[in-house]
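Note that the chains take the letters A, B and C in the order they are written out, and that residue 1 is the start of every chain.
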Amino acid sequence: MPSRRFSRPRAAVVVTAAVALLLAACSPGGGTASEPSSEPVAGGTLTYASGDAEPSCLDPHVGGNYPQALIATQYLESLVSLDDDGEVIPWLATEWTESDDGMAWEFSLRDDVTFTDGTPFDAAAVAANIAHVQDPATASSTGYLALAKITDVVAVDDHTVRLELSAPDSALLESLSQVWVAMESPKALERSQEDNCAAPVGTGPFVVDEWERQDSVTLVRNDDYNSPPADAEGTGLPYLDSIVWRFIPDSASRYAALQSGEAQVIDNAQPDTIKSAESDDAIEELDAPRPGASNRIELNSGKAPFDDERVREAFIRSVNVDDGIQSLFFGTAERSYSPLSSVEPLGLSLPDLFTVDTDAAANLLDEAGWAERDADGYRVKDGKRLTLDFPVSTNQSIPAEQSLFEQIQADAKTAGFEVNLHPLDLSSWYGALAENDYDLVSAPYTKVGPDVLRILYHSDSITPAPSGYFANLAQVDDAALDDLLTRASATSNADDRESMYEQAQRIVLDGYYILPLYDQQNHFLYSSAVQGLRAMPTVSTPTFAGAWLVS
Amino acid sequence: MSGLRAAVDRAAVVRAAVVHGTGFRPTAAEAVAGLVLLLVLVAALWPGLLAPGDPLATSPADAFQAPSPAHLFGTDESGRDIYTRVVHGARDSLLIGVLATGIGIGLATVLGFVAGLGPRWLDFGTTRLVEVLFAFPGLLLALLFIVVTGPGVLSSTIAVGLATAPGYARIIRSQVRRTASAEFIEAARVLGRGRLWIVARHILPNVTAALFVLATLGLGQAIIWVSSLSYLGLGAVPPAAEWGAMLAAGRTYIANFWWMTFFPGLAIVASAAAATVIGRGIQKRNRSAA
Amino acid sequence: MPGYRRWLLLRAGGVVFVLWAAATITFFALRLIPGDPAEAILGGPGSQAGPEALEQVRREYGLDQPLVVQYLTYLGRLVTGDLGQSYSLHKPVATAIGEQFGATLTLALCSLVLAWALACGLAAWSVRGGRVAWAIGSGLELVAAAVPHFWLATVLILFFSLTLGILPPVSVPGPLGIVLPALTMAIPLAGFLGQVMRESLLTAMESPFVTTARARGESEVRIFWRHTLRHAAIPAIGLSGWAFGSLISGAVVVESVFARQGLGRSLLSAVQLRDVTLVTGIVLVVALAYTVMTLVTDLADRAVDPRRRAVVE
């Protein structure tokens, strides 16, 4: 294969470290939680209490879920990062160019970085990592999808690497910024999966020291750390000696641990505790909505009764979620009218589609043939009741969200829908989805960038993976939408991309396939003794690289 | 030590008062317990009499209100009236308690008697069977059952019944054996009484007395078991106003809104306690009558 | 004593049978419920693993074999003491259980001891205090037996950790960390044991042997501890084996609330992830612990109740 020709670096694509630093210095720190009120202090141990499930593997290449991303952010780093405005900035790669035909990308790598086991970071390391993610034996899921278009990795020289693609990928940089495809020591990757899962080796500010299962992971300071992303502030990072990463699944206990000083930072803070923490000077809040999709209820258009758009519209018009969100979330969650998270610059909101109008809903149902009501007040058609099955994952939906679903159930009942809530454990829940045993479902999806729309709403995503999993739970099957999403993911023209994603979101919203609720909630509460904590603008995981403790 | 002697004497007095002194007239505690059970029964059969409202009517604007004349027990996270929900929840909760205990004890009685009275090999086999079930953590048995049948009041009830059966069976077996080896049974045997006669006339009444206490205890236990399943997200299906589910749901808010768990919890404790008091009362009358 | 040896042999055979049956039931129950163990291996339910990955994992773990073959293979390994590889933890089941077993055993034993202490203490106090104390004692037992673990745990945390600030709300290394979890498990159990004991305490107090002992001129202290309490404790001791089993169930909830290490938490997540080997391994360990516990209570029962010794042979 002849080597590809690369165009001269274009200003829009190539961002040098210097420029990025300048930008970072000028822009207000939107993602920074606490403005440093004092000079950083070195030393100390911070305890982080996570409410997410304990990962079964600390290497986010394996599987690839959010709990892994949370902890791996402390010891692994990616080729690129995002700044607070969502612009791609250098990290382990200093600059990059896309070939004219979009079929290859060339990355220049930093030449002064070593992994914490002493292995140098170079082009061979990048190749080894991508090979690791793509190896079926690794069982990567999230990372595997993110790198799906990469067909070959070529080490041009020691610190230049070329990724060859099967098709142009406008989402490649966003994908590479995610911690699920972060760089690990190739030497460490050669160990058995059990060993690598227990202590992955990266270039990050901390090093995995010990993992006491179902209790904590101890992370210690990387004394040789020299590779913060281009927008990082401060020198001499990291400041903390160590982090004790605990797993406290019970939300009440977790909050009590923060109040009593057993933990300094907690995640998955519940709305009522966020509210009561507001009046507590010793506790601060960091709100970092996750990127990708908003939290929304998908209406299964693949089968009756929601295969009829009128019934979908009637459902959406008859449930009032605003009041419930206001009272259940104590003002900590804002109503969304978009398929995308509010942190996605290309998100499109269409609030007018979601105004409650019970009369219109009743007319729509009459039109659709659901005109009669049975003795219990539910609508019927041909002797069949208007019943909707709603499997709820008790692992994924917090109590406030489950209560919101109960309120939706009550509202829908007035309109004549019988909504059956089925609280299920994770395996059973995925089982119900795989069996197409649902009419309504709420499933989170985190990914950087609007390409998440292609994963969620392209008709290809209705075809289940061998495990039975499929991402297009609304079962949207629209040729025009497919075309837009495919072209948007391949174009390198920013304006085209923006307009295509706008049209795509309009189709999803106009078709009443989804009922957006709010952003994927990602609230952290922390002791006011913690300074310099910020959330990564990539997947909104907190980073402790620049954090310190004041006594 | 005179203190202890006095204590033992006092206890004898207590016992005399409890067992013999009162005859068939209910004590104050029994009267209160009877009233509580009557209320629960009325609530279970005709909830509308005590609380005419709709236990499922949501009103987000009225969420998290403290107890007041308008809402005696306050409101929950969806603005539903907790008093109405507690009253309407009596049916499901009582059903869970009675049915689960019934299943557990029914199964256990069969196993316990077979083991306690059958020939040695049958005892050995049945005891091993009970032990296998027993060696299974009860919650795991319940979890597996619910995963297969799907969550809900009925499947939780059956699951809890199954999970508690081995415990009852063991107690019953040891009671049966203990009674069977008692002197008066020996005497009956010497007198040439038939096996069945001995079982019906002597062993059954003696074991039933113990069963009664177990059953009344089990009633409350079963409701609590199901509430633990609700805590794990696998109990009664929302929006059912079942007490255990309400307790589990309210616990999230316990630091700020105590009434959400207090009143359903009170209902559970009061019913369980009342059942136990009444059960004891009946048992002691049986004993003094015999 | 040949009879004693035979009894021991039968018991040992019984233990093996119980273990085999428990393993078999768990194995089949978990394989027949919805959910694919291959997914547990590939990063949990909902994984988007490709067909190659699934196929490789199925081959590697023998999941492509007929169920009976898988079962026999599993049993064969079990006989050699190999519990297999955990699907979800990427490590041997024996290691995974070894890491967690100590914590649960400590918690269960501490709770059991604490429960007995609470139950006996309350019984002794309420026997001395006359009618009012008796009523208060049985009232407390009723309430204690009727509170669910998850609720009690939160109330204890609110009181001891946040109001008084003397105990940590989540498990920490050292003896301080186990107080609240053990108390949470002990209180309902104490209520239950106390209720059972209270019944027999009454009977025991006026039973012939107490009268006889008194006639022999034995001291009241001796009578209470040697005869009355001893008699009252018999049914409750029989319950201790059961109590131990129920403590494991309680551990599922308590370990989650207090974020303690332990088998209860492992069990819950293993069931949810359909990690067949891990669940079966845990069931085996719990079953073994339970049978040992039953053996101990049987022996204790014999030691406490003179009548039972005659029954043995």
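One rule holds in what follows: a residue touches a chain if its C-beta (ideal position, glycine included) is under 8 Å from a C-beta of that chain, and two chains touch if they have at least 3 such contacts.
Since this is a predicted model, take the numbers as computed values, not measurements.
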Comparison of B-C and A-B by number of C-beta pairs in contact, larger one: B-C
Most widely separated chain from subunit B, with each centre as the mean of CA atoms: A
Centroid distance [mean C-alpha coordinates] between subunit C and subunit A, Å: 40
Subunit B and subunit C, separation of their C-alpha mean positions in angstrom: 20
Interchain centroid distance [CA atoms averaged], subunit A/subunit B, Å: 46
Touching two or more other chains - residues of subunit B: 147, 232, 251, 254-255
For subunit C, residues contacting two or more additional chains: 34-35, 154, 158, 162, 271
Interface hub residues of subunit A, defined as touching at least two other chains: 252, 395, 425, 427-428
Complex contact set, residues of subunit A against subunit B: 251-252, 255, 270, 272-273, 276, 323-324, 326-328, 394-395, 399-400, 402-403, 405-407, 409-411, 413, 420-425, 427-428
Sites on subunit B touched by subunit C in the complex: 1, 3-8, 10-15, 17-19, 29, 124, 127-128, 131-132, 134-140, 143-144, 147-148, 163, 166-167, 170-171, 174, 177, 181, 213, 217, 220-221, 224, 227-228, 231-232, 244, 247-248, 251, 254-255, 261, 265, 268-269, 272-273, 276-277
Sites on subunit C touched by subunit A in the complex: 34-36, 38-39, 41-54, 56-57, 88-91, 96, 99-100, 153-154, 157-158, 161-162, 165, 168-172, 255-262, 265-266, 269, 271-274
Subunit C-touching residues of subunit A, taken from the complex the two chains share: 49, 53-54, 56-57, 62-65, 136-137, 139-142, 144-145, 193-194, 197-198, 212-215, 246-250, 252-254, 256-257, 259-260, 262-263, 395, 425-431, 465-469, 471
Contact footprint of subunit B on subunit C as seen in their complex: 10, 14, 17-18, 21-22, 25-26, 29-30, 32-35, 127-131, 134-135, 139, 142-143, 145-151, 154-155, 158, 162, 188, 192, 195-196, 199, 201-202, 205-206, 219-221, 223-224, 228, 235, 238-239, 241-242, 245-246, 248-249, 252-253, 267-268, 271, 279, 283, 286-287, 290-291, 294, 307, 311
